[in-house]
Every structure is written in structure tokens, then in C-alpha cells.
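Please read through the structure below; I'll follow up with questions.
Naming follows writing order (A, B, C and D), and every chain is counted from residue 1.
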Amino acid sequence: MSQNPVYMGAPSSTGRFGDFGGRFVPEALMPACLELEAAFIDAWSDPVFIDEYRSVLQEFGGRPTPVTYLGRFSKLFGVEVFAKREDLAHTGSHKINNVVGQTLLTRRMGKTRVIAETGAGQHGVATATAAARLGLECTVFMGELDTQRQVLNVFRMELLGSKVVAVTSGSRTLKDAVNEAMREWVSCVQDTHYCLGSVMGPHPFPWMVREFQSIIGQEAEEQLRLRGVGVPDMVVACVGGGSNAAGIFAGFANSSARLVGVEAAGGAAVTNGSPGILHGMKSMLIQSEHGQIEEAHSISAGLDYPGIGPEHAYLAASGRAEYVSIGDEDVLVALQTLSELEGIIPALESAHAVAWIMQEAGLAIPRGSTVLLNLSGRGDKDVAQVRDILRGRE
Amino acid sequence: MKSLEVTLRELRDSGRKALVPYFMAGVTPDWTQHVAAAVLGGADAIEIGIPFSDPMMDGIVIQRAAERSLEAGTTLDSICAQLSARDLGAPLIAMTYYNLFHHYGLRRAAGLLAQGGVVGAIVPDLTLEESDEWREVCDETDIATIFLVAPSTTEDRFARLAQATQGFCYASARMAVTGRAQGAGDATRVVEAVRATSDVPTYVGIGITSPQQAREATEHSDGVIVGSALVETILKGASPADTEAFIRTFRSVIDE
Amino acid sequence: MSQNPVYMGAPSSTGRFGDFGGRFVPEALMPACLELEAAFIDAWSDPVFIDEYRSVLQEFGGRPTPVTYLGRFSKLFGVEVFAKREDLAHTGSHKINNVVGQTLLTRRMGKTRVIAETGAGQHGVATATAAARLGLECTVFMGELDTQRQVLNVFRMELLGSKVVAVTSGSRTLKDAVNEAMREWVSCVQDTHYCLGSVMGPHPFPWMVREFQSIIGQEAEEQLRLRGVGVPDMVVACVGGGSNAAGIFAGFANSSARLVGVEAAGGAAVTNGSPGILHGMKSMLIQSEHGQIEEAHSISAGLDYPGIGPEHAYLAASGRAEYVSIGDEDVLVALQTLSELEGIIPALESAHAVAWIMQEAGLAIPRGSTVLLNLSGRGDKDVAQVRDILRGRE
Amino acid sequence: MKSLEVTLRELRDSGRKALVPYFMAGVTPDWTQHVAAAVLGGADAIEIGIPFSDPMMDGIVIQRAAERSLEAGTTLDSICAQLSARDLGAPLIAMTYYNLFHHYGLRRAAGLLAQGGVVGAIVPDLTLEESDEWREVCDETDIATIFLVAPSTTEDRFARLAQATQGFCYASARMAVTGRAQGAGDATRVVEAVRATSDVPTYVGIGITSPQQAREATEHSDGVIVGSALVETILKGASPADTEAFIRTFRSVIDE
């Protein structure tokens, strides 16, 4: 009798999801990674910790976020779309789920400081937020270019009491911010936790972040069940590092739902990448023929990452999930469409998932299918950029 | 035992402290001349940095050198081709990140290195736990796999890393990436922790910027690695002759 | 036996709360006001309507919003502060509660279009949002000065499919936007509902908007009760027109809690105003000795209104609620304090309430009191302004 | 019956259609001369706009006039003082918003108006339902309270408003504020609805901008009110003589 594999369980003891994942870090960081792994395993089986994590997310983070039936959108496109509203979570995206978990863990490990990388600033703001709440010191690394493009998010972090360091190396964007955070971590592992922002990095990060995000999928599964929709035909989420996708997929990993991750066309690590090692993990990466990591390019800063979390690489390789990509133009149209039809301005990241549904309704998504869309964040952070683009065309 | 380790053990047994400068391959068109000059100046082995886009363990100086080298079109092939064109007169140790080897294919990468005369490799993001494959491939050649230990390394890991390392053990003096901090830091403790479980030659690196610091570091170790301080002079336009003089100064202070 | 008066019930049949309220509109609008009154009374006693209102607020609007215990803030100031998190509601403030109610009512009345006034843009964005969801046409009136100060909110409304009209008369701010919306309404009452943004205007608006907002107080009352806090010693909310304050007061009107409304010092209609008639209502207004309405001045656009809802004027006159005021400087400090201590960047409006608690902790608020703070909205809309002010001082 | 109504009924009985121009008090220093000129030109009564900061029922022209007047320092006192200084030769009807009267105190406001010779008041934001107090106060003087009816007015309200109004009934031709729309609109229907329940003189206003429109409006009503069209010429610098000519033109077309 052949057994179905169980998806999205714990990785191997070395942090592998199939061939992907693992731990590729300087020796100086190994003890911290091991300590973190042990601390997470301990905490995650401690009802007191889990209780606090859940109650902070509820009382502070605004969970559970609702599932909204997109009536007018569904009618227009001939598929039944339900949106999981991470845009309503505190700080405006799913990022809060992860940082609440990691900052509580930081305190539990007796550390007093966190560092984080950020691209557009969402994860940075979320980390600064969770750190402020617990009175942890916080430093956020952000590519210099991004600090210029996102001055308001820099200010937001400062308002929250964090220090923002502009990273001047490499492409001066997210990838370099991760490098710099890792470097900083080497010099302060003793009292500092590196609060990584997605399901990436060395073991146990990809697993831990997925676990902290899986509350999205658990809630959505229950919400659709209670409302009689049951298991949707398809679950669609955008993928940068892959944390919001991993979070919602986790609720349906072993169900009949098709899982679809939507990458930015200019950062499509599964479609255009190859296996490699970066930022402590083995995964799919966009790289040159000589093995140099390339810069991603996307209208949405949060998807501007040349890699993908290792578990997604595994889900792709195993065929459990599909990964597709969407270009900037379609994203802009999707953002406008959802805004006008449903009164929800999605983040540019989330608009990738919307765009794919619009593109494939009636094609890859059979008419009448039920689709669970992860609306990973709100578009308020993006309106200035979208306005500039659209105005520039007039 | 790999030839690198044989050489370095002999060096130690001769009473000489090893001086190992680091060069970023391809950072200037004449980079191999700098290497040759360093050997003339008294270097015992050479670390050859192979540039990678995302050098997680390197500070700003080596990052800039890597960027400059990559902009000039440097690749693993081009470096190995340049190295195989001449004998630089000292053991060569490659230093880079694992993705490069992985991307080329481990066997092909090791072959290229071997053709270039490289006899050792430092891959700072390749943990002991993930290194089996690479070490097997290296064992098909004469390339030694060199591991780092750090002030944060735990007791059991000191033992395992000191056992596993080949050629020498790279003792990080500090909790820092290259070029960030200065001075010997925790070097003594780290070196002693290695010595407690192995007699492999143990060199101190990370933070050695002046001849005096190098000298202090060798008082309790078998050698030093000088990286960012040297690379910085080259980024600022030092000639091979300057490099020779730079190394000579270190040599003489260490040997005093 | 003397009977305690019952507060915050329905107004008199002419829409009076004590001496305040009523209906002062052009005859052309009287039928629409009467129609609206009848429609609201009908709808508000129809379980089907109430059900839809509640479920839209839940599934679309993100209700219930949580109550967050502000641990570090409480410790520092020696009072126990619980924040009702309207900042987590869809579109970032309590405004969504009202517009969901009014747009559903619009549809029920068979009208196909809404108009609204807006100051900074919060109510405009909320109205555009709720209108988009129902496919109603929407036009928002906004003072020309405000359209220039809030270009992004203008764009947000446009993204949501609304038309924004810049009002060039008078002070070209909120007060004039209301005038203009009223004028527009005169010419289109047939198919258009005027979706007023606060507990102001002619009867039944002050009552209806309060009813649509009272979900805030009902939730908070239950939340505090379930968590064992019970009735707080004090309920504090900022007051522009007064809708968020009315909403939260409604849950405690006939309890032992002290009710405190915090106005902007430059728009303190209760403290500095006198009775008068504006925008269809009799209330407290800031006016010149000759009876001309003066312009309000506040760092927060949402409190930049020379009047106050009539029910507040009554609550003040009857002594049931206290009204105080806070200046711009203290507001800035409060915004920064709450951000750093709790990881919540409040709207400048809400920061007035925070500032008053900071000022009066241990004084007007006895040490150890339990205080329910209405965090009416999030500060994201304000960070650019706050940054400019703080940077300008460096 | 208030004297205004007596006058206006006599006017109607004489077969003459009433022409009532609107002036914004204080908009120019010589505004009372414009009023006098209008009477010379053939106006039967005068609407005196008392500027208010928030004129909810007025379009852009009258708003601007009010702003200009307020900037010049106009107050209810100053207007009434100016009016009491001379006899303008026609019944004067104040038109403003309720806050002004409320703020001055109803009795004091009515007293000031009466001193200024004002015999009627139009308060567009004072609904019939809220008007008891004001009407009582007016009844202590000779000030007539004039109500508006609109195309949206319902049957029962037509009856009650037509009963309550004194002097004349102001029939809005259109669903619009002043100065927005043009033409007679629904005037006929509105006027007929008033006439169905009352024989009070009924004048059409809102949207009357040309002599031709005025003439059409008077075909089914007892008179017309001309507001924004006239105020606009004054804002643009018209002299009292221009105003007299303006009114004379309307007069002659209406009387044709």
C-alpha cells in the first residue's frame, strides 16, 4: 500500500525539506542557530508559550483576521473567491504573526535585543512594533536605496524606537540587508536574536517562521469550514521569501486543495532559478551562469528577492504546489480592479495573487472553482508609488 | 594527510610562524603579481579570495574588492586559468562561499581549483554538518578543507572541527566578520581550545591589521592571516612592490 | 423617588438631545431627511438589516476589534489603560462602522449613489470603500487645501472608484466640504444619499451615526467584562464631530464610568464655543462675537472642526460627560510615547486622548484607575506630517 | 396680516408681477445705492442678504459675495444701522442663516431688523418644524416669516408651508442652491401645489438669470426673485446705474 507523503511537517533534523534547506552559516553563528532551534522546539511544545503567542496575536495583533467573500470580483471573473484578510492585521500585513512569535522567543531565550532585515520596510516596521511592545532594543538593516525609496517606513521604525541602518554594499537592497544583518548577528549573538522576516535563512528559520505563520492557514481552514465552503479548490498566495504563502498553505497542505504560489516575474526563483546556497539555506535562486546571485526586479519591494524559502523549493520539486509568475503591468491592473470592485486596496505583493486569478479564471482555474486568496497586506504603503507610476503615464 | 598540512606542519616544526595574506582574485589586473610579491616578502601561504556577490562573512573592504572584481568580469574559471598559468611559489588556499562550488558542480569546481594549483579551501558558510559532500570531492584531489572556529564555538564543536579541519585550523579572533574589529580579541582562548583536542596548526585571523597585532597573535598560535588591511591598500592603489614591503614589515615584526 | 435619566437613548421625535440637535436644513432637503429617518428606524428594527450590518463589519470590516492592555504605558503612568483598537478596522479607523451602515441603508432606500464630505480623507476613503463594495457611485467633497495636503488620500479614493471634488469656497477645509456636500445633496436627493461622517448634521444623522458607531462601545463593554476588568473607571476618546467618542460612550452611558471627550485645543467647541446652528444642527460651535463660524485649527485634520455633535453638547450640558482639550505639542509627544512603549502608532486624533491620559494620570485620573481609551485610528496617514514637523525642528 | 403681505397682495391684485432682486449687504461700500437704484429700476421688494460664513443654500456667486462682505467687516448691526439711515423705497426682506439670529438672540435680532425697516425674513435653514420660536418673536414685530417650498416638497408639507408663510411663498424652481442651475425648472408644478392650498402670493426663485426666464416664470406665478445673476454683476464692478439698467430690463420684459 503506497502512503501519501505528509506535507509541511517538521523538516529533517538537519533542517532539510527534501533536498532543500539545511544550515549554511559561519561557524560563529552555528551555536546561535542550534540554541534557537532548541529554544523554538522547547517553546513550541510549551502550552504557556503557545498561549501567549496566540493571545498577543489576538489582543494586540488583531487576529483572527476575517475571510471576506469577494462578491463583485467573483461574479465578474466567474470563480468564487474568498480573501484571507491579512491586510487587517496590525501593521498591515501577515508579518506581525512571525515577529510576535520571534520576539516572545527572544525574551524567552533571555536576549534583550533583536535585529532584522527589511526591504520595503514591512518586516522592519513589524519587528520594531513587536520589539517596542516588549521593550526589546531593535536595529533594522535596510538597503540604502530602500531607505531612500521608503523614507516614511524608516521614520515609522524610528517612531517605534528602533534604529535603522542603511546598508551601502552590493545592490543596496533587501538581499544586501540580509547579508548585513547576518554580519551584525555574528558580532552580537550573545544578547541579540536575528528576527528573520520570511521562511528563509538557516534552519530553524524556515520552519519556525512557517510555524508562526501557519495560524493564517489554520484560521482560514476553520473559517471556510464553518461557513460551509469546506476545502477550497485552490489556495493562491504571493511569494517573496514565501512566508505568507507557507502560512496559508499550511492549513491545506494535506488536503485536496491545489496550492499556487505567485512570484514576481522579475524574481521568479522557481520558474527561472536553479538550486543554490544563499543566506544560510539551500534553495532555488536566480543566479548568473557563474553562480553569482542576481538582483530581482519587481514593482513590489516585498517580492524583490532572488530566492525563495527552501520548503517552497521542495513543494515545487515534489509537485505538491505550483509556482507561477506575474509581471508588473498585470499587478497594477489587479490592484485597481480589486480596489474598485471590493473596496480593498491590496499591497502590490498581494496584487500578484489577485492578478493571477484574474488571468487564469476560466483557464487554469475552472469556472466556478472556490479559490482562497491570501491578501497578505494592505496597499496603503504602495499608493504613493502606484500614483507616481499611473500619473507618469497620463 | 593533504600536502598543505604536511607543508604547514613542517613550517611549524621549523619554528617559523606562518604569515598568510589574503588577496581578492581579479580585483586588479595585476593581482597575481601582488601574490608573487607577497611570497617574495615572506608570506608562507596565500589565501585567494574568489569573489561572490553575497559575501556574508566579509566586511566592507573585502565586499568592495569582490564587487570590483566581479565588475571586471572575474569568474571561477578565469581565476583558475590565471593561477594555472604560473607558479606563485607558495601554497594557495581558495576562500569563497559555497554557492559558487555548488553552482559549478562540486567535482568540476574542485577540478578547476586543482588545475590552478590550489591546495586548500576555506568556505566560511559551509558548516561541518553540511560539508560531507564537499570533503569527499576534495579527497579525490589534494585540496584540504579548512574549517573555522570562533569564540562562540562550543566545546564539542571545537573537538569536531579541529578533527575535521585539514591543513590548519582557522581561529577567528573575534565575533566579527572580516575587517570589522581590530586586535587579537579572544584568540588565545580559541587557539587553546583547538589545541586541547588536536595538534593541527592553528592560525589566527579576523582583526589582524598591524604587524604588532600579528606578532601578539603568533605568541600563542602558529600563524596569522592578514586580510582586509592588505586588501585595503590594494584597493587604494598599492603596487606589487608596496605589497612586498607590506608583507616584509609584518614578517620582520613577527620574526623579531 | 427620583429617577436617573437614561443617557444615549433615541432623541426626541424632532431629533433633540435636550436642547441640542434638531433639523436645520433647506426645505429641499426636508423630505430626504424625513425619508432617511423613516428608513433608518425601519432598518434598525429589522433583524435582517442588523444582521447584514454586523456581518459586513465582521467579514469585511475586521470586527470585533480587540481591546489591548497597554502594559508598559500603564506601568509608566500608574493607571491601567486598555485600548479599543479601532486602528485595526478596515481603512484604519472607526469610520468604517458608520459607512457600512449608511451604504447598506442607501441600497435599502433604492438609491444608487452616495456623496460625502471629508477633511483629511479618512471618512472619504471609508465611504469610497463601502461604496465600492456595493457598487454605488460615490463623490467625495474635500476642501481644496485638504486635497493638496492629502494627495495620497485623494488618490486612494480615486483608486476605489470615487470622484473627488475640491471645494474652493470659504476656508477650503472640512467645514466648507460639508457645506458643499449639502448643496450637492439638494440637487440630487432623488437618487443620492448623503453619507455624513460624524454624529452631526440634521436629525437623524447624529442619532443614526451614533447607533452605527455604538458597536465600538458594545464590544468594549463585553470585552472588558469577559476579561474581568468590568466597568472601567473612565472612558476616554477624542472628539472631532464626536462619532468615535459617541460610539464608545454608548457602551457605558448608563454605567458608573466617567466619560471624557478630548477635543483639540484649536477646535474645542464645548470649552470655547457657544450654542449655535450649523450644518443642520443646533450644537456648541466656535463662533465670532457676530455669529460667524470660525475656523478650527488643529494638527489633526480629523479634529479640525468648529462644532461638535449635538448629543455631546447635551452630555456636556447635563454633566454626564466631561470635555477637555489638548494642544498640538502634547499630541506629538503622546504619539511618540505610545509608539515607543506599545508598538502602536496612533492617529493624531486618537493621540489627543492618549495625551490627556498622560497629562492627568495621578491627577484627574486617580492612580490605579482603569481607563478605556478609544484608539480611533492608526497613525499611518499622519507619519509624513509628523516627520516633517519633527524634522523641521532638528 | 403682516404689512409685507398686505403690500404684496395689493401688488398682485393690481395685476403687476413682483420683481424681487437680491443684494448682498456690505459687499461694496455703496451697496445701499444699488438697492435704491433697483427700486428706481422697478423692483417691488428687495431681498437683503446678510452674510454668513457658511451659506449652505447658496452657490458660488453668493458665497463669494458673502466672503467679500465679511472681509469688509459687515455685521448684522452694521447692516441694520445702514438700513435705518435711509428709506430705500421698497419693502426690505432679510435673507440669512439661522445661526446669526440665534447668536444675537432672536428678540434682539428681530429688533435690529425692525429698526432697519426690514419687514420680512427668509431663513433657508430654518425648517417649519424648528421655526416656532422665531415666528413668535417676529410676531412681536412686523417681520413676516417667509418659507420656501421646493420640487421635493411633499403634499402635506406644501399645505403646511403655504399656510405658515407670510408675505409670499418662495417657490424654488429647481432642486439646486442659488446660482447653480438656470431656467424655470419645476416652477409651474411647485407654484400650483402652493396655490392648491393657499392664495398667498407665490414667487419663483433659484435659477432666474435672464429677463426671458423671469418672464416665463411669472406666467404661472406672482413674481420672481433674481439673485446670483445680479450679484455677479456687482462682484464684477457694476455701478448703481448698471444695476438700475439691469432691473429695468427685467422689468420691461416681464411687463411686456
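Assorted remarks:
We adopt the following convention: contacts are C-beta pairs under 8 Å (C-beta built on N, C-alpha and C of every residue); 3 or more make two chains touch, one makes a residue touch a chain.
This is a predicted model, so every value here is computed, not measured.
Averaging C-alpha coordinates per chain places the centre of chain A 35 Å away from that of chain C. Here the spacing of chain B and chain D, counted between their Cα centres, is 96 Å. Counting partner chains per residue, chain D shows two or more touched chains at no residue at all. Under the contact definition stated at the top, not a single residue of chain C touches 2 or more other chains. If the chains shown are joined wherever they touch, the resulting network is a simple chain of contacts running from one end to the other without closing. In summary, the structure contains touching chain pairs A-B, A-C, C-D.
Within the complex formed with chain D, the chain C residues making contact are 14, 22-32, 168-170, 175-176, 179, 182-183, 186-190, 274-280, 282, 285, 287, 290-294.
Those residues of chain A lying in contact with chain C across their complex are 58-60, 62, 65-69, 71-72, 85, 88-90, 92, 128-133, 135, 151-152, 155-156, 159-161, 335-336, 339-345, 380, 383-384, 386-387. By the touch criterion stated above, chain B contacts chain A in their complex at residues 52-60, 63-64, 67, 70, 75-77, 97-100, 102-104, 124-130, 147-154, 157, 161, 172, 174-177, 180-181.
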